Amino acid sequence: MIPLMNAFACLLSLAMAQFLWHKPIRLFKEAFFLLLALVVFGFYAFFAGDISQPDMESYPFRMLALCLCFSTTALPNKRRRYLLMAQVMWLWIEFFGGISLYYHGVDMPWTRILAICVSVFGSTFLSRISQGMEFALMAYWIAVWVFF
Amino acid sequence: MSLLKRQGAFFGVAPLKWAGLVFAVVFAFFLADFLFCQKAAPVRVGADTSGPNTIAFLHELHGENIGLDCSHCHTGAASGARAYMPAKADCMDCHRLPLTENPGIEKLDSALAAAPAYPWAHKSELPEHVVFHHGVHTAAGVQCADCHRSAGNAVPANAGRGPAKKNTMADVYGGDNFSMQSCLACHRGETFKEKNFRPAATYCAACHR
Amino acid sequence: MIFRILLYAGLALLLPGLAALGYSLWEGPAAWSLDTRTFWGTPISLFVFWIGLAHAGTLISAILLALGVPLDRRTSMLAELTTLCALVVAAVFPLMHLGVIENFYMVVPFIDARGNFANVGSPLVWDFCCIAIYAILSLVFFVIHLLSDRFQALEDLRRPMAWLLFPLVLWVHTIVSLDFAVTFVPEWRGAFFPLYFIAGAIYSGLAMVNVLLVAEGCRVRMLEKLMVAGSFVMLAFWGWNFALKGDWNFSVFAFGALLPQLWWVSSFRESAVGRLLVSASVLFGLWLERFYLVMPSEPQGFGWTDMGLIAFSLGFFITLLVFLRIKLRKPIEGDVLLFGELDEKPVPVVEHHTEPLTSREFIVLRFPLLVGVLVALVYTLWAVSRPAFDSVALGVPHVVAMFFPIVALVAAFVLCIRPFWTIVPRSRFTVLASAAVIVVAAFLAGMFYAGGSSQKAVREAGADIPSETIFDGTVPDSLHARALWNARCSSCHGTDGKFNEKFIREFYPVPQKLTAARLDSIGEDSLVHVILNGRANMNPYEGRLTEADARALVRYMRSLAPETNDSAEVAP
Amino acid sequence: MMAAGFALFGCRDGLFGPSIKGKVKSPSLSDFENEVRLALSMQKSGFNLVRVPMPEALKTPGASQENRFGMAIDLDSCDGCGKCVLACIQENNIALAGAERAKLGQFMHWIEMHGGVPSMCFHCGDAPCEKVCPTGAANHTPDGISAMMYKRCTGSRFCGANCPVHARKFNFDDPVATGRSHKFNGNVPVRAQGVMEKCSLCLQRLQDARHDFKALHPLESWRGRGVTTACAVACPKNAIIFGNWLDEGSPLVIAAKNRVLYAPREVAALNPSIVYMRGYR
């Protein structure tokens, strides 16, 4: 059940990622799409999952982070930097969200955090991001998202 | 290279100044520690010669040499929570009889006659949020003199943390230099190693309420 | 001119505010509105608000710098100045809201003479350290910026420092958010609080900078647009908060997200007053948000003290800011001013690929970061090894929160020491001043180490007199009896029933031998009578021992006496 | 600025010291009885209880494996008379709330009635209050008491905010100077202004009993036999039973062995040492 929900969430964020960072990049356009994405994710999390579950508290924002990760692969320039930042944001949410939940007796999602760390570290070495590499990264993120 | 040069600039110029700075830092630290640390005034019990017909009480006349242990007069020192001060009745247990041929005996008798029913009072008190049970420590093999250093053997309460001050006063007993620091040092087994006491409790609620 | 008006306004707010502050220091937390569920109240809401501003200032200037978005010197310096002043204001409130202010040093995770140690698992301790470190570093950042036009060495420091501060700021504000997210208060549950707080901080910070720019009589369109864009994002957070816990505050929504949309009206946008109103409403809305966040239950008796504290924070901030702004007029305004149309068309960036881990910042930061990590590791291990944690199960999440700030502090120190060493003039004054600072720091460290002294208790008179028996209650068992014997009788009769030679032979006529047989023949009752009322040389213990004690003593004495007829000298 | 200076040096009372507040005579027992009556009249709504297992030894490092003190409150025999509240006040020198706070229902009582059921600090095995206390003033003894070190408390009130059942009471102002406290029990210090206080499971009784025992039997292990709390003594129905969860012979284990144990939903997951008993297994 949970993996299924995650998989759909993954598809959703992949879909929302299509709207972001299309030339010409305009501040308000991006901000609006971010808002849109968050609203969509929020509704998804609200209806698909059980809100009372503590690990649902940050669900839409984790989806947003994933969405940003996806979208950065389509960036015109400075991709590696923004790729890194998007993944670090994801890491951030997982890690500090995990800490706050840890005090409520929920275990830290160490495997997921480590997996993201690995991809962050790995993608610092990307010279230019080829189609194949984009695909590999996306596959990796999806795997982390759905299964960890 | 440049690093070396910088270090030259660092230390080559005036090593004395740097030494002075370091000294000042250390001095300031310990000065502040001394000024703000937990104080406990030394307490002199006994040798109180104020008043016309009073006589200095000397612990060494009443202690080991005649085989009396502390808990005879300080009731409870060996088994109770508090080590109490003797009432006049306790003194008179022995002093009913002329115990010496010493010519000062009349003065002693008059002093005893003049003494109130409860001649002694504690001069040092623990804060009321601190619990100390004499009996527990005696049972654990701690000697009275380990904490209350006497003229006989000078084992200060801060043994191990500083030089054992050989006290020159006739009779310094009681809570001089007691601090949570010295209690904890012993409870953690950092002091009195040679006596190898059993490890003692170090959690707050063991001694605080 | 405008500054003078602001200064007077600030003072006008500050003085009554000081009165309120003084009163709440005198009265303690009872002064402002609290109840059984709201333990923090106004001061902490103010703290969160101002610390948010404090983070936003550096965040804006450091992020833009780190990301290579050009921002003119004057604006970025204003942002950094905001940071410093807001930090000073914010620092007052956690301190003054304490119940026992003189114990605040116990929050510092620093060894103390008694071996006590702060609980490094508590978000408050993280707060204290993170904010202190952040204050130091943002001050350094500001000073570097201030002097950077005169020394190239410092100009080169700015981007590495920005890369240090950028994560640090986010980290510190995340920690602030954890103060709430960690608790069991239902209104504060939210693993998304880190992002929420950071977004709120940036949003309010942008508003604050825009307000100041209005005061400066100029505008930076990019920042305005960022602010309006921020209002969208905040909406999303509030919406999710509502979905999660069902608490929705209309006034926050109105001031924080609705009114700012007036910016779209061009006449509003173009007039300074309009921009001021928009930014001010954002600030007010976000303050309301913090206020309702910190007070889970409806605040009871929200009174003039709370008002006064709010006025104090505002007045203090304005006064400080304007004062510094006037003092630093030359370095802030001195530089070439490029205002305005920076963000209209993003400058095309040529994609020049740098090998991984070889960018200039990284090469400069490599060694300092290494040192920082080492120091932080050593500190963490040392802290965890303190005896305070003998009975605490510490996990990684407990100790990790202070890790990066320490890294950043040490790294920044290592980074800056050399350029500063090269540029600081070797005048007698600077040397003495720095030495004095170091010594004072050492003195403070000593104070922390010493800790406070707990005053002695005063024992009410007569408490020294032992109650008629030291074992009250039940009839003493043999162990009690032995203790009694050793305390009361052994000095003459000896702990083992043999006489205390030293004492007896010298002073007393030796009592007659007393064997077990004789003891039995005398009988228990009469022995008890002897103990209580005395006999030839035996002292009466009436009033010092109960009859139960005496009886127990007799039984004990009997147990000491050997059955054989010879050499038993137990005597009453 | 001067005020800020006070803040830095922690002069809570400003320049003049506490003496300016003057000496006030301490209230009489009847005042406390009246307050207890008032508290009973405006008592809070009941908890919703969930079943919990019998408390076991704590897992935390250094926790004792032979002592874990706690209480069981028998809901079948408790009639909510509130004598335990008064007994607790007299044992622990708990201060009066004062008129205006009493109106708001903010009493200092360590035992409060929730829907006719006495409730105090549940001495949770992993207590949230202790996790967030910055100074470590709130900490756990090896034998399972969540203790408060009042001299170590800096009054940040984080513990109070984080207690799911709001069992912690804050001393908003000086109980002695404002004449709201009466020292019934010389063994328990009256808490100063600005510290958080709560049920200590009559820590002082346990300490004294342990010491007297250890003084005579230094080598034996102390199981807390014969000790009981003030509220347990005061209860006319013997509905409150104090004891040692890990000692088969303790009255607590004997009483709770074949009963169904409950705890409030908020703390059920936190391994409470104090439970409610209702019905038989």
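Labels for the chains are A, B, C and D, by order of writing; each one numbers its residues from 1.
Simple rule for what comes next: a residue touches a chain if its C-beta (ideal position, glycine included) is under 8 Å from a C-beta of that chain, and two chains touch if they have at least 3 such contacts.
Here the structure is a predicted model, which is why all the values come from computation and not from measurement.
Of all chains displayed, C has the C-alpha centre closest to the centre of the whole protein C-alpha set. Chain pairs B-C and A-C differ in how many C-beta pairs are in contact, and the one with more is B-C. When each chain is reduced to the average of its Cα atoms, A sits farthest from subunit B.
Centroid to centroid, with C-alpha atoms defining each point, subunit B and subunit C lie 36 Å apart. Measuring from the averaged C-alpha position of subunit A to that of subunit B gives a distance of 66 Å.
One inter-chain figure worth recording: subunit A and subunit C are separated by 34 Å, centre to centre, where each centre is the mean of the chain's CA atoms. Averaged C-alpha coordinates put the centre of subunit A at 46 Å from the centre of subunit D. In subunit B, 79-80, 127-129, 135, 203 are the positions where the chain touches two or more neighbouring chains simultaneously. Touching of two or more other chains is recorded for residues 62, 128, 131-132, 136, 139, 141-142, 151-152, 189, 215-216 of subunit D. In subunit A, the positions touching at least two other chains are 103.
By the contact rule set out at the top, the touching chain pairs are A-C, A-D, B-C, B-D, C-D.
On the side of subunit C, the complex with subunit B involves touching residues 113-115, 387, 390-391, 418, 421, 435, 438-440, 442-447, 449-459, 462, 464-466, 470-471, 480, 483-484, 486-488, 490-491, 500-503, 506-508, 537, 539, 543-544.
Interface residues of subunit D facing subunit C in the complex, by the touch rule stated above, are 1-4, 6-14, 59-63, 104-106, 128, 130-137, 139-142, 151-158, 160-164, 166, 170-173, 189, 192-196, 215-217, 266.
The part of subunit B that touches subunit D in the complex is made up of residues 79-81, 127-129, 131, 133, 135-136, 138-140, 201, 203-206, 208-209. In the complex of the two chains, the subunit D residues touching subunit B come out as 62, 136, 139, 141-142, 145, 147, 149-152, 187-189, 200, 203-204, 207-208, 211-212, 214-216, 218.
Across the interface of their complex, subunit C is touched by residues 25, 27-28, 30-32, 34-35, 38-39, 42, 46, 51, 54-55, 57-58, 60-61, 77-78, 81, 92-93, 96-104, 108, 124-128 of subunit A.
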